[in-house]
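In the two assemblies presented below, subunit A is common to both, partnered first by subunit B and then by subunit C.
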Partner chain A sequence: MDENNIENKNIENKNVIDEDNSKIEKNNIDDNSIESNNNNNDSNSNDNNEEDEINNNIINSSNSIEDISNYLLKIDESSGRPPRKYSEQDSSNPEWFEHKKHFFILSSSGKPIYSRYGDEVALNTFMASLSAMSSFVESQNDTLRHLVAGKYQFVFLCKYPLNLVCISSTGEPNQVIRQQLEYIHSLIISVLTQSNMKAVFEAKYDLRDLLGGTDKYLDHLIHQLNKDFSILLNSIQCLRLNNNVRNQITNILSQYKCDSLLFSLLISDNKLISQVKHKKTTSLKSQDIHLLMNYVSSTASFKESESWIPICLPNYNDTYFLHLYICFLYPGVCLLLFSNQPESFYQLSDCKNQIIKGLEQENIAEELKKAVNNHDYTTSITEIPNLLHFLYKNKTNNYSTFPTFSPPYSIHKKEKKRLFRLYQHITTHVNSNIIANKPHKYYYHTSQTETIMVATSNNHELYATFSPLETKKSIFESFSNLLLWIKNQENSLFIQ
Partner chain B sequence: MSISKSSLNYWVIYSSKLGQKEGTEHEKVLFFYPQTIGIGEQTNAVGISEAYVLFSKQFSPEQPCEIIHTQKSTLSLYNPEEDIWMVLSVNNPAIGTAGKDGKGREYIEDEINDIALKKCVQQIYQVWNTFNGGINSMISKGSTYEMVRKRLDSFIKPYLQQIQFDQLDLFSSLDGIKFLPVNKNIYLTIFNYINSVDLNFQNSLASFRFGIVLYKDHLILSSLEQNETRTLYNYLVNMVKVGQDPSSSQTMMVLNNSNNEPTWYTKGQRRTGFINMPDSNSKQHLPLVWLTDDKPQVMIIYEQKDTFLLFLIDPSDLPQLEFDELAQSLVQNFEFVNPTLESHYNKRAIFDEQYKYIYFNQMNLAIKSPIKPRGPDLNKETMKLLNEIHEEFENGSSSEIIVKTQHDRWIVAKKIDFREFYIMFDNKNSSILEINEEVKNATNKFFKFLFID
Partner chain C sequence: MTKNKIDLKVVLLGYASVGKTCIVYREMYNQFGDTHTTIGGAFSSKRAVVGDTEVLLGIWDTAGTERYQAVNRSYYRRANAAIVCYDLTNSETWEKVTFWAEELTQNEPDIEIYIVGTKLDLIQHGEQRAIPNIRVEETAKRYNAHIFETSSRTGENVSLLFQTIAENFCKKTNNGTNLPNHNNNNSIGNSVKVDQKSEKEKGGCC
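Take a look at the complex of A and B:
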């Protein structure tokens, strides 16, 4: 994209990148512009950058819709993203219907915004029929939830001004698919904010134009939703780390701050290392943290340099943007700093430098790098015989832990998926109580391939998988031992 | 807080072949209930159902849309005959009353179970089909759609009105048959009696044949195919309510009216004799039944002190059947076995007093349970849980499930080959191992009882 094409006077793009050392050069920044650091080779992030500017523009400008329209006219349509997989397919190809799990986003008026497979524009008619079904039910003051046809499920999530639909033959419980649609919806909010989305939709602008470049985040998120145990448990996985080291890190994070700083987070991939809340405000919800992790892991350019993006955290406040400073301190260790001020980039960059200094002074950096490499563990570490796998959620702080797959699950991809799907069913059953709205106390499931025992209390949920040949007695014993092991390891498994 | 239970929203039967021209869509509707709903909305209901089917066929051509969940209702679609569709829409249960803004009412969206709802629709069709034959075959035999509409209205409406839509539980999903366990001697004696009656009458009337025999609500013997047995058993036990005190529950029985159309009547007080023939001169009131083959047969039900015998005969042979003679031979035989059957029936209770369980065998459709459907042992939580476990068993994804609920009820469910066994305990302080011991004890006793008795 040639950024010089943009002539809107409210937007001045100021990002100049020194590719050699990835430093930011300070330029004159006016009130409306955002600072962003891009890898020029990555056309995707350029797209993203462009939409960020729009977002910023929406917040700051009183006649924002007018501005956007001018702006949109100038977007160089030819600046294509790399072609997506299956983008040549649409509902006229029989193969298109063969995909196991479709996701669609359309506006409440039926305009296509996103399709996981195929080009959403070519799917115009198909999407219109999706829209017709849900709007018919809406016209009767009701809301469409899901249809069942043979092994297919059609799950609808209607959140004005968006409709999200999943068509799946994966056999996942509809409640789980609904949760996945909720995640996708929050991702859209995080790019646009709910208020902007409504304003844009009601002004009859095409939301798709504002969401250009979001596809790769959506694709990545969908992929992640299909395998992430911590999302399944509505929780956050923590990096396994010595308690003292973690405390030191937390101290450093709380020590180095500036006025506008709301939260400091240190993450490694999709694991949380530490988080600090600097102001009296609501804490971050796990869904928001997962969205952040999704952004970080689906954008290669974040690894190269400091970045500064506006982002809305839907569960924190869906009406405005926060400003997020992103920087990888070490390979696999990423610092996220949230500010409510659009121009505090340099203060936050200073914070980062102090944090790095702090980490090095206390010799924690090495420990941290080691922990990143040693996080993964298998069930053998617990020394509990015949334990195949487990999931544990600490309900007081919504942190979770689980081992990586070991045999028999690690051998075939299919087996991993099967166990994941099984957990999806079991978590749904355990939490399906309609009346008390509380999970069942015990749940024990046996099939030909495994036995899963579940116990829940006010403080935790534990799902443990054993061979189906184990006796109940030995499972019961192992289960108690596993609980003990987790209790003993709590200090390093979870942020205390 | 006011709670509204699940209830019928609407029920429609339509033919997708009719009303193809724009503006004539309302002609598709063959039956709609409640009739207070205007023709416009009826047509809408048909339209949206056709849209669901058409849309879902793109992905699942063999099995188009069967179930639709919305916030306020749950729908089941059924396509029993070519072009004939049935749609049942049930209001989800809800808590609170809606204010002017429509808020303040919370719908419980996952209480209605898909399998139970599908079963309910299938049963409605089955009852219709048993007493009327298929809709398409009525048309092909010269009935007009107007006649079909009239017949549907008079036949389906009363049936629909008595269904309790908040009670679609595991019993409705399993749709099983209770068998009376009798010892070999009694079994052979009854078998002999029935054979001799069969032979005796078949000499002169070749089409005469024995169907099933029940003691109260338990089946003793059937000469019909499994599905035919299930349909007629279901009719006798759940509609005619044989063996139950007729004053305590509403009975419904099909007789032919003076126009020779099947019509619902209430069964009168307990009596001995042909219960679906008011007097011996009213053979024309005996209803026809369509079982597996397309040839209707006359259904004759005889009651002798809690024993119910069902016979079938070709309509052309009916005039020659001597009912007095039939009655006489039955009285003779069954006066003798009735006391033994009664003692067998009462013996069941010993195990049943100790345990709350449901046993179901898919192979012979046998169901055993001391739990009364709609009784206090089946609260909403348990009902939902049992439905869910059954669904897991149906999917083949599990062979044993043990749950301890928030209310400290243990439910243990096992599936072994074609058998499903559910048992409930209310021992608050037991561990899963103690419960496992309890289950072992119970199953030992149970299977001894089941096979040796």
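Take a look at the complex of A and C:
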């Protein structure tokens, strides 16, 4: 690409910014409240308000949006991945504005890189105005974090050389959306590495050339961010597995290795079965593991052959690529081996064969396959009356567990989403006790639809959802019984 | 007499979305369907039989996207054959053929190159050929490459391609001891082969 071209484009961008700014004003975004680092007036609206807001959003949303999102949900469940839809839309279509949650990635100079809906090139003008907003604040030596415009909230994450923006009408807390933007940023790093990205940007190349095919991982990740409890809790979910079987698997993983092997991981969908660190390095962070799981679950071809891919783990080292061997050992059981040598594929392939041999002895493979099919559980397994749902995070190792949805939440998708959004607000509230600078110890939320009780300690966080008709006394009792049940099950719920 | 067993490493290279993964799917599973952008490389293996020799084909399917270009080197290293693909209907994809052929001859002089035009069924349904045959033949001659045209949709020529790769490789290893000699001489030998092949192909598709 020649530089003239780029310059021309930039000039175009600038022209367009003016046009678009006037458009925005017409769209009644006059009453926006800009929040920056300097005036830190976090809105402290209480829970009921927020909940009403969520309900209102659901009720107010026009039918077409519901249709679209229902349709999307259907597609997601049938194929496991939303197709690249709406690519024909852009900011000149009214339909485009009806999507509830937009994500944009643009370069620091305002060039479009990705849009969740619509074609990013056609959205050039729109992205330029987003870029203008953040650079306006930047020019005053400040950072734009979020702004509110009518029912939309804009959340910005500026990490040179990328700007990430989320515009949503879902009423999620800013902190949660910021976390989602950070995940998206990390995904881009995992594809390019931070150093490559800077070099490419500074050489004025179009980053999109290097990101070809990344769309589907971004789409899939965004979808996952909107429903994954373990990501919400900054944690990893483990496959429920008998402790002895898990130990045997871990032994096998640590036994079969080669010189260049750094980590061995065994996963099942978005659940961790076992992980082994072979060298004296830092452990894998939960964000990196989620990125890996996202790669595996959004690439159908991994199921058919052994794969060997370069990948950067942003929280491990964002400057270079590791080499990742991926192979499905059984349906739903995927082995990941990390090496620092680009030539070690065949050695790792041998490791895999030995690992399979090891698993096949003593029936471990059978136990593992059974566990994969029996992982899901509902609250009924706890035998605690009127317990509707719960989230538990073990803070010492960042592992979490939660049941699948049961009635009343499993009946309607909207209810699942509503509970998810409610948890988003509650986790944010619990963890943002600014005065004490540590999480609230107890938290009690009650509404027409459910009562949620939260307790946190140095070792755990437990969010338990009960029927709204329960008395406080019985909830307290059930809550301690639930804690007891989890303690008893710890051996199989978490990697020890 | 016991069967000889030999390993044959084949690597697929070429521009993004020319249909490299589809060729592998057709060869491995005799299927055609939606595939997704490959990341990094995928390895699959298959047994082929040539005379009394059992050939273990190790097929490396690589990513066509530009960001993996540098990494692709680690996939073609020590490969015996390279399938360099381009889309018969898309001239943009042809540039990468010369790029890879050049790079392969530089770094792996012993590698056999197969230039494969994909999506033959589209041509048969009346789409324009983006690259004139004469240009393909010139390039093939320059790099001692074989020419194939395949359709993963119909399966045409896909197994023939892999069978030919296996047969040529067996010939080469059976003449094994004088491998370097063979290489020096094969400029003539191969260009004859190329002509035969291209004639065969022309017969098949017109």
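A few remarks follow.
Throughout what follows, the second predicted complex is superposed on the first by the 411 of 496 C-alpha atoms of A that agree within 3 Å, B and C clash if a C-alpha of one lies under 4 Å from a C-alpha of the other, contacts with A are read in each partner's own complex, and residues count from 1 in each chain.
The rule we apply is simple: contacts are C-beta pairs under 8 Å (C-beta built on N, C-alpha and C of every residue); 3 or more make two chains touch, one makes a residue touch a chain.
Since the structure is predicted, the reported quantities are computational estimates derived from the model, not experimental observations.
Superposition note: with subunit A as the common reference, subunit B and subunit C can be accommodated side by side. Looking at the shared chain after the overlay, A:Ile309 reaches subunit C, while subunit B stays out of its contact range.
In the superposed pair of complexes, A:Asn458 makes contact with neither subunit B nor subunit C. Between subunit B and subunit C, the partner in contact with more residues of subunit A is B. Once the two complexes are laid over each other on the shared chain, residue contacts for A:Gly212 go to subunit C alone; subunit B is not touched.
The least CA distance from subunit B to subunit C in the superposed model is 34 Å.
Residue overlap on subunit A between the subunit B contacts of one complex and the subunit C contacts of the other is empty.
Per the touch definition, subunit B reaches subunit A in the complex via residues 44, 48, 51-52, 55-60, 62-73, 102, 108-111, 114, 380-381, 384-385, 388, 392, 395, 397-408, 431-433, 436.
By the touch criterion given at the top, residues 16, 21, 24, 28-29, 35-44, 61, 63, 65-68, 71, 74-75, 77 of subunit C touch subunit A in their complex. Within the complex formed with subunit C, the residues of subunit A that make contact are 191-192, 209-213, 216, 295, 299-302, 304-311, 321, 324, 342-343, 345, 349. Residue ranges of subunit A in contact with subunit B, taken from their complex: 91, 97, 129-130, 132-133, 136-137, 141-152, 154, 167, 169, 171, 174-175, 422, 425, 429, 432-436, 438-448, 453, 472-473, 476.
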